[in-house]
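Two complexes come next, and they have one chain in common, chain A, joined by chain B in the first and chain C in the second.
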Partner chain A sequence: MASHAHAHQPIGGRLLTLPFLVCSVLVVIAAFILAQRYGHGLGAVTNLSDGYPWGIWVAIDVVIGSAFGCAGYVMAMLCYILNKGEYHPMVRPAVMASLFGYGLAGAAVLIDLGRYWHFYHLMLPWYAQPNSVMLEVGLCVATYTLVLVVEFAPAFLERFGIEGLRRKLNKVLWVFIALGVLLPTMHQSSLGTMMVIVGHKLSPLWQTQLLPVFFLLTAVLMGFAIVVWESVMASLNFRRPMETPVLKKLAGLMLVVASVFVALRVVDLLVRGQFGQMFGGPQAGWFWVESVLMVGGLALLIPKANRGRSRALFLSSSMLLTAGILYRLNVYLIGFTPAVGPWHYFPSVKEIMVTVGVFALEIALYLVFVKKLPVLHAIEDHSANSGAPTSNAVQAKHG
Partner chain B sequence: MSEKKTSERKTSVSRRGFLRNAVKGTAAATAAACTTVVAAPPEANALQRPPKPLPPEAVGLLYDSTLCIGCKACVTACKDVNHMPPEVGPEQQAWNGAPGNPTWDTPVELSAKTLNVIKAYVHGTGATKDAAENGFAFIKRQCLHCADPSCVSVCPVSAMTKDPQSGIVSHNPDACIGCRYCVLSCPFGVPKYDYNDAFGEIKKCQLCKQRLAQNELPGCADVCPTGATLFGRSDELLKEAKRRTALKPGEYTHFPRGDIAGKVGGARSGHEKLVEAAYQTHIYGEKELGGTQCLAVSAVPFDKLNLPTKVPETGYPTLSEGIQHTLYAGMIGPAVVFGGLAYLAHRNTKDHTEE
Partner chain C sequence: MPDGHVDLDAEHIGDLDEYEGALAGMSRREFLTYCTGVAATLGLSPAFGVKIANAAVAAPRPTVIWLSGQACTGCTETLLRTNHPTLETLILDTISLDYNETLMTGSGHQAENWKQQAMKANWGKYLMVTDGAVPTKDGGVYCKVAGKTFKEAVLECAKGAAAVISIGSCASWGGWPSTGVNPTGAVGLNEIIKDKPVVTIPGCPPNPYNFLSLVLHFVAFGKLPELDDKMRPKFAYGRLIHENCERRPHFDAGRFALEFGDTGHRQGYCLYKLGCKGPETYANCPSIGFNDVGQGTWPVGTGHPCFGCTEKGVGFTKSIHELASLKSVSPPNSYPAVATDKGEGISAGAAAVVAGIAGAAVGAGAVISSRLGKQDEKSESSSTPAE
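== the complex of A and B ==
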C-alpha cells in the first residue's frame, strides 16, 4: 500500500513555461469569441447553417475530443479488468487525460447548444425521450465524467494528504472502475449509432449499421494510440525514460485493433455492395486518406522490432490517431451531404479558434496537473528496486 | 469473453497467452459482427423495429404541382397566421426602404422565418408549364408530417412530438435544448434553427394546429385559389392523389378546394379543369421513409423538383431505434456487463491495493 502511495509523483518545475503561456493566450482568444457567441448567437461566429447544423464544435470538440479521452477507458480495462498489472503506472496519467477530454467535450456541448440554459432537461426524467440515441450519449457522458473525477480523486487526496478518505475511497473504487469501463463502451458505440439515422445523407462509404462497432473500435484504438503517443512525447519533453516493455505490448494491441477495424471495414463494404464507391463515390478521396493512414500505421507495427523503437512508435501512433480522427470527421462532416441543398460548410476562423482554445486549455491543464499533482509514475523508485526503469511497473501489481 | 475467463482462472497470464487470447477474442467478435451483417440483408433487417402506421386521425395536405400557379399566397398567409417575420435577401431591399425596416418578404428557402415556401423548377427556355424539358414547375416545401419522423426519434428531451391522434409533428421551445439533432436528421431538410439570434428557436410547420383547433384551415390551404394545396384526412388525400395520377391529359375533371371533406373551414366550391400535363405515377410521400401525412403529385419527376427520391420505404428510426433497443433491451445487457466488470474490478483491485 505504502509503495503505491508514492508510486506517483509530481514532476515539479516552473509553471510559466512558453508552451503554457501560448496555450493561455489561445484560451483567452477563445473566451473573447465565446462572449460574442453568447451575445449574438451561433451565426455571429460560426459558419453553421440549416444544412450543416453540426460543425467542428460537435465533430471535433465532442466526437473526436471524447475519443482522445478514451485513454483512461482502455488503460483501466487492461489494468483492472484484464488484470494486467504492468500497465498500472500508465493508468493515472491516462485517467487524467480522459478527465480533461471528457470535461472539455462536455463544455463544448454547452458552447454548441442553441438553448444551453435548458441543458439540465437532459437529466430530468419527465423530459426524457428513450428512443433518442443522444439522450443515452448525453446521460452516459455526464455520468462518466463524474466517474472520472472519482477515479482521479486519489491523486488529489494523496497530494493534500487526506489519507482517511483516500483509504475509504479505495475500498469502493472497484464500483467506479467497473462503471468507468462500462460507460465508454456504451456511449462511444452510441456516438456511431447517432449517425445511422441520417441515412442517405451520409455517403455509403461510411453509412452502415456497423457504425457503433466502428466507433467503439476507433475509441479503443485512439485510446491506445494516445497513451503511446503521450508516453513517447513525455519521455522526450520531460526527459523521462521510455516505458518500452509496456509500450511494446500496447503497440501489439494497437496492431490487433487496427487490423480488425480495416478487415471489418472491407467486409462491411463488400456485404453492402458498396465496394465500388471507394473508386469515385462521394468523398472517396477522404476514404483513401483515412484508410492509407490506418493501414500505414498498422503496417509499421508488424515488424516486432519496431514496437520498441521510439521513432517508429511515434510515427505509427500519430498515423493511427490521425486515421481515427479522420474516420470520425468523415462520418460527422466530410461524408455528410444535407438533404435539400445545395449547402456548403467550412468552419470560420472564429469557430476554429474556439476549438483550438478548447484543446489549448486541455494542454495547459495537463502541464499544471503533472507538475503539481502525483500523476506521472515516479522514476526514482526503480533504481532502488532494480536497474531497469520499468521493472517497478511490473511489481506494482504484486508488491 | 475468452480473455475474462482466462484471467479468472489464473492471475498471471503470460504475455503471449494474453495476446493470443486478445487475438482470439477480437477474431470471434469480428466473426460475430460479420455474421450479423451477412445474416441481415438490407430489405429484411433483423435489427429493424417494425415501421409505425399512420395515426387513426392523420391529417395533412395534398399539393398538386400542376394546379399551382406560383402566386405564393400560401407563403404570405403562412407568415400572417403564424406571426413569422419577413425574410429579406440582400438584393431584395426596398429601393428607398429604411435599413432594418423592410416591407418586402422574399423567402427563397425554408428557414427559421419561413415555414412554407414555393420553389420553382426551370429548364431550357422555360416555355411550357409542367414540362421537364424546356418548361417550368412549382413545388411547395413544408413539413410533411412523417408517419415515423426522425426528428421525434432523435429529440433527447421530448421537445419534438407527434400527436397520437392527428399525427401532427410539433415542437415545444420550452423543452428544447437547441442541439439541432432534428435539423441534422430530417430526411427532407425541414426543421430550421435561427443562428442569428442569441436565444434562437427551432421552427417548423405545425400544420396550423392552433387554427385546426378552431375548425379553421391551415393558412396555406385556406388561401390557395386553385386547390393546389388541399387539406384533409391523409387517407382521403391519398385516394384523391391516386385518382389524379390516373387522369389522362385532355380529361375534364373536378378539383376541390380547402378541405377535401368540406368540413374544416366550411364547404367551398371546387372547379372544373382540363388536365393539361400528364401526371407522374409517383405520389410523393405515399411510401417515402414509411410514408408522410402530406403528399404531392406532379407532372415533373420529383428529383427534378429537388426532393429526395432515393430513400428507403421505411423510416430511418426503424434501424437506429432497432439497434439501440436491441443493445439496451430492458438494460439487461449493460447490467450483466456491469456485473462482470464489477466482479473483476473488485477482485483485481484487491490484488493491487491490499497486500
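== the complex of A and C ==
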C-alpha cells in the first residue's frame, strides 16, 4: 500500500517560470476585458449580432474546450469500463485536463450568457423545457463538472493527507466514474444535435442527421489526441521518460477512431447526395483543410514504428486535434449562414483575447497542479517496472 | 330556334322550390350565418343577412342564363372554388341556373330548348350573365353556338333580361382575345348592348365572391349595387390593390424586390419594381384572397407581381414586367440597398491576432517536433544496444 501511495506524486520545481508568467499576463488581460463586458454588456466587447448570437466564446471556449476536456472521458472509459489497467498512469492527468476543460467551458457559458444573473434557472425544474437540447447540454455539462471535481478529489486528499475521507470516497468513486463516462456520451453528441436543428443554415457539407455521431467521434478522437499530446509535451518539458508502450496503444485507438470518422463522413456525404459540394460548395475550402489534416494525422499513424516515435506522435496528435477543432468550428461558425442577412462575423480582438485568456488559465493551472499535487505518476515507479508496466498499473488502480 | 324544335321538346319548368328544399341540408342557423357573411362581404349591416336569407329561399328562385363566348372557361371554373356557399348551393338553391354550357347536363336541342323556355317563362325578370368576349369581325363568325353567332345570342338574351352581368375581363372589355392585333375583333359586352347597363366583374378570373355578392345583392334588393365609371361594383372595385396590399409598408419604406429570388424577394418586399400593377389596378384581391385558405392567397401574396387583370388598358395590354403608372404616391428616385450588410466583419487587429496565434502555434510545433526528432534518434540509437 505504501508504495502505491506514491503512484502519483507532485513533480515539484519553481512555480514562477516564464510560461507561467506569460500565461498569467494573458489571464489578467482577459480579466480586464471581462470587467468591461460585465460593466457595459456583450456589445461593448464582442462582435456578436442577431445573425451570429454565438461567437467564439461558444464555438471555441465551450464546444472545442469541452472536447479538449474529453481526455478524462476516454481514459476513464478505457481504464475502468473496459478494464484496461495499463492506462491507469494516464487517468489522473487526463481527469485533471477534463476538469479544466469543462470548468472553463462552464465559466465561458456564464460569460456568454446575456442575462447571466438568471444562470441558476437552469437548475430549477419548473423553468425547464424538457425537450430542449440546450437544457440537456447545460445540465449535463454542469453535472459532469461536479463529477470531475469528485473524480479528481483523491489528488487533493492525498496531497493534504486527508486519508479517512479519501478511503470513504474510494468506496463510492465507482458511481462517479460511471457517471463520468455516461454524461459526456450524452452531451458531446447533443452538441452536434444543437446544430442539426439550425437546418439549412448550416452548409450541406456539415449538416446531417449524423451530427451527434460525428460530435461523439470527434470528442473521443480529441480525447485520445489530447492525452497523447499532453504526455509527449510533459515528457519533453519536464524531462520525463516517454510512456511509450501505452502511447503506442493509444495511437492505435486514435487511428481507428479517425478512420471511422473519415469513412463515415464520406459515406454520409454520398448517401445525402452532397458529395459534389466539396468541390465548390459553400465553405468547401475549409472542408478540405479539415479533411486533409484529419487524413494526414491518421496516415502518420499507419506505420506501426511511427506509433513509438515521439515526433510522429506529436505531429499526428497535433494534426488530429486541429482537425477536430476545425470540424467543430466549421459546424458552429464557418459553415453557418444566418437566414436573413447578409450577416458578417469575425471575433473582435477583445473576444479573441478572452478566449486566449481562458486557455492561458488552463495552462497556468496545469503547471501549478502538476507541480504541487500528485497528478503525474511517479517516475521511479515507472522506470522500475518499465519491463512490466501492466502489473504496475493494475496495482496502481487499486491504490 | 333555327330548326324549329322548340315547342316539341319544351318542358314546363316546375316549381322545384320550397323552403325546406332551398336549405339543401343546411340547418336554418347555418344558412342565416352564411347570409350574414354575404351581407358583410357587401359591406352591409348584419341585419341584412336575414333579408338576404328570405330573398334566397323565396320561390321561385331567380333564373340565371349564362352565356359563354370567347373565353377560357376560367370564370366558370373559379365558381367551382367557392365554399361559402358552394357552387351547388348557389345554382340549386339560391338561383336557378337554367343555362350554362359548362355545367348543364343537357346538350344539343334539349339544352337550347331549355334556354328558350326559361327566357320565355321569365321574360323581363331573369339575370343574364356572360363570360367571354364578343367577336365582331367577319360578321362574328368566330364564336357560334346552335347556329347563332355569339353577338346574336347576347342581343337576343339581353332583350328580356332584368340585369346583364359580364363576368371576367373578356366579357368586360375584350380581355385577352382582344390583345395585340385583335384578330377576331373581340369586344366587351357593353359595346354590343347599349340599351341596358352591363355590370362588369372583371378579373382573370375574377374572385367568385364578388360575383356571388353581386347576384345576391340583386336577389335581395331587386336592384344593382353602386357602380363605378367602368360599371364595376364599388364594394369590390372601389380601392386600388396598392392601398390594401400587405406589402405596402415595403413600398413606403423603399424596400423592393429587384428580381425573382433575390434577397428582397425572399423577404416579401414590394414587387413594384418587378412590374406589379397594384398601384393602378382597382380590386379587392388583397382583402378577400382566393380559395378560402387564409391570408396571403393572391398573386402578390405568393410573390408574383399583379398584372392588372381587372383594369382595362393594364391587364393584357401592358407587359407583365412594365412599371405601373402610379395613381397615388410616387416612390423616391433612390432607395437604400436591398441587402444591407449586418454584423461586424474582420478587423485588422483581429486578423493580426489570429495570424499571430496561428503562426506561433505552427512555429512552436516546428521547434517541438525538431526537438522530439532528436530525442527519438537518441532513444532509438540507445535502445539498440542493451541498457
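Here is the rule we use: the second predicted complex is superposed on the first by the 378 of 399 C-alpha atoms of A that agree within 3 Å, B and C clash if a C-alpha of one lies under 4 Å from a C-alpha of the other, contacts with A are read in each partner's own complex, and residues count from 1 in each chain.
In the analysis below, contacts are C-beta pairs under 8 Å (C-beta built on N, C-alpha and C of every residue); 3 or more make two chains touch, one makes a residue touch a chain.
Bear in mind that the values here come from a model prediction, so they are computed numbers and not experimental data.
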So, after the overlay on chain A, do chain B and chain C clash or fit? They clash
Item to check | Touched partner set for A:Val266, first chain B, second chain C, both or neither | outcome: neither
**Message:** For A:Val368 in the superposed arrangement: first (chain B), second (chain C), both or neither?
**Reply:** neither
Check your understanding: For A:Leu146, is the partner it touches chain B (first), chain C (second), both, or none of the two (neither)?
Key -> neither
Is A:Leu15 in contact with chain B, with chain C, with both, or with neither (first, second, both, neither)? neither
Requested in this report: Answer with first, second, both or neither: which of chain B and chain C does A:Val340 touch in the superposed model?
Outcome: both
*asked:* With both complexes superposed on chain A, which partner does A:Ser348 reach: first (chain B), second (chain C), both or neither?
replied: second
State whether A:Ser49 touches chain B only (first), chain C only (second), both chains, or neither. both
Message: On the A-aligned overlay, A:Leu173 touches which partner chain: chain B = first, chain C = second, or both, or neither?
response: first
### Message
Looking at A:Ser318 after the superposition, I want to know if it touches chain B, chain C, both of them or none. Which is it: first, second, both, neither?
### Response
second
Chain A contact check, chain B vs chain C, more residues touched by chain B
After superposition on chain A, the chain A residues reached by both chain B and chain C are 49-51, 340-341
Listed in rising order, the residues of chain A that touch chain B in the complex are 1, 4, 38-44, 46, 48-51, 53-54, 79-85, 88, 112-116, 118-119, 121-122, 127-129, 131-136, 138, 170, 173-175, 177-179, 181-182, 185-186, 189-190, 193-194, 196-201, 208-210, 212-213, 249, 252-253, 256-257, 260, 263-264, 267-268, 271-272, 338-341, 396-399
Interface with chain A, chain C side, in the complex: residues 263, 267, 339, 341-347, 349-351, 353-354, 357, 365, 368-369, 371-373, 375-376, 379
The chain A residues in contact with chain C across the complex are 47, 49-52, 232-233, 236, 242, 309-311, 314-315, 318, 340-349, 352-353, 356
So, in the complex, the side of chain B touching chain A is made of residues 3-4, 7, 11, 15, 18-19, 22-23, 26-27, 29-30, 33-34, 37-38, 40, 42, 45, 47, 110-112, 141, 150, 152-159, 173-181, 183-189, 192-202, 306-308, 310-312, 316-317, 319-321, 323-325, 327-328, 334, 337-338, 341-342, 344-349, 351-355
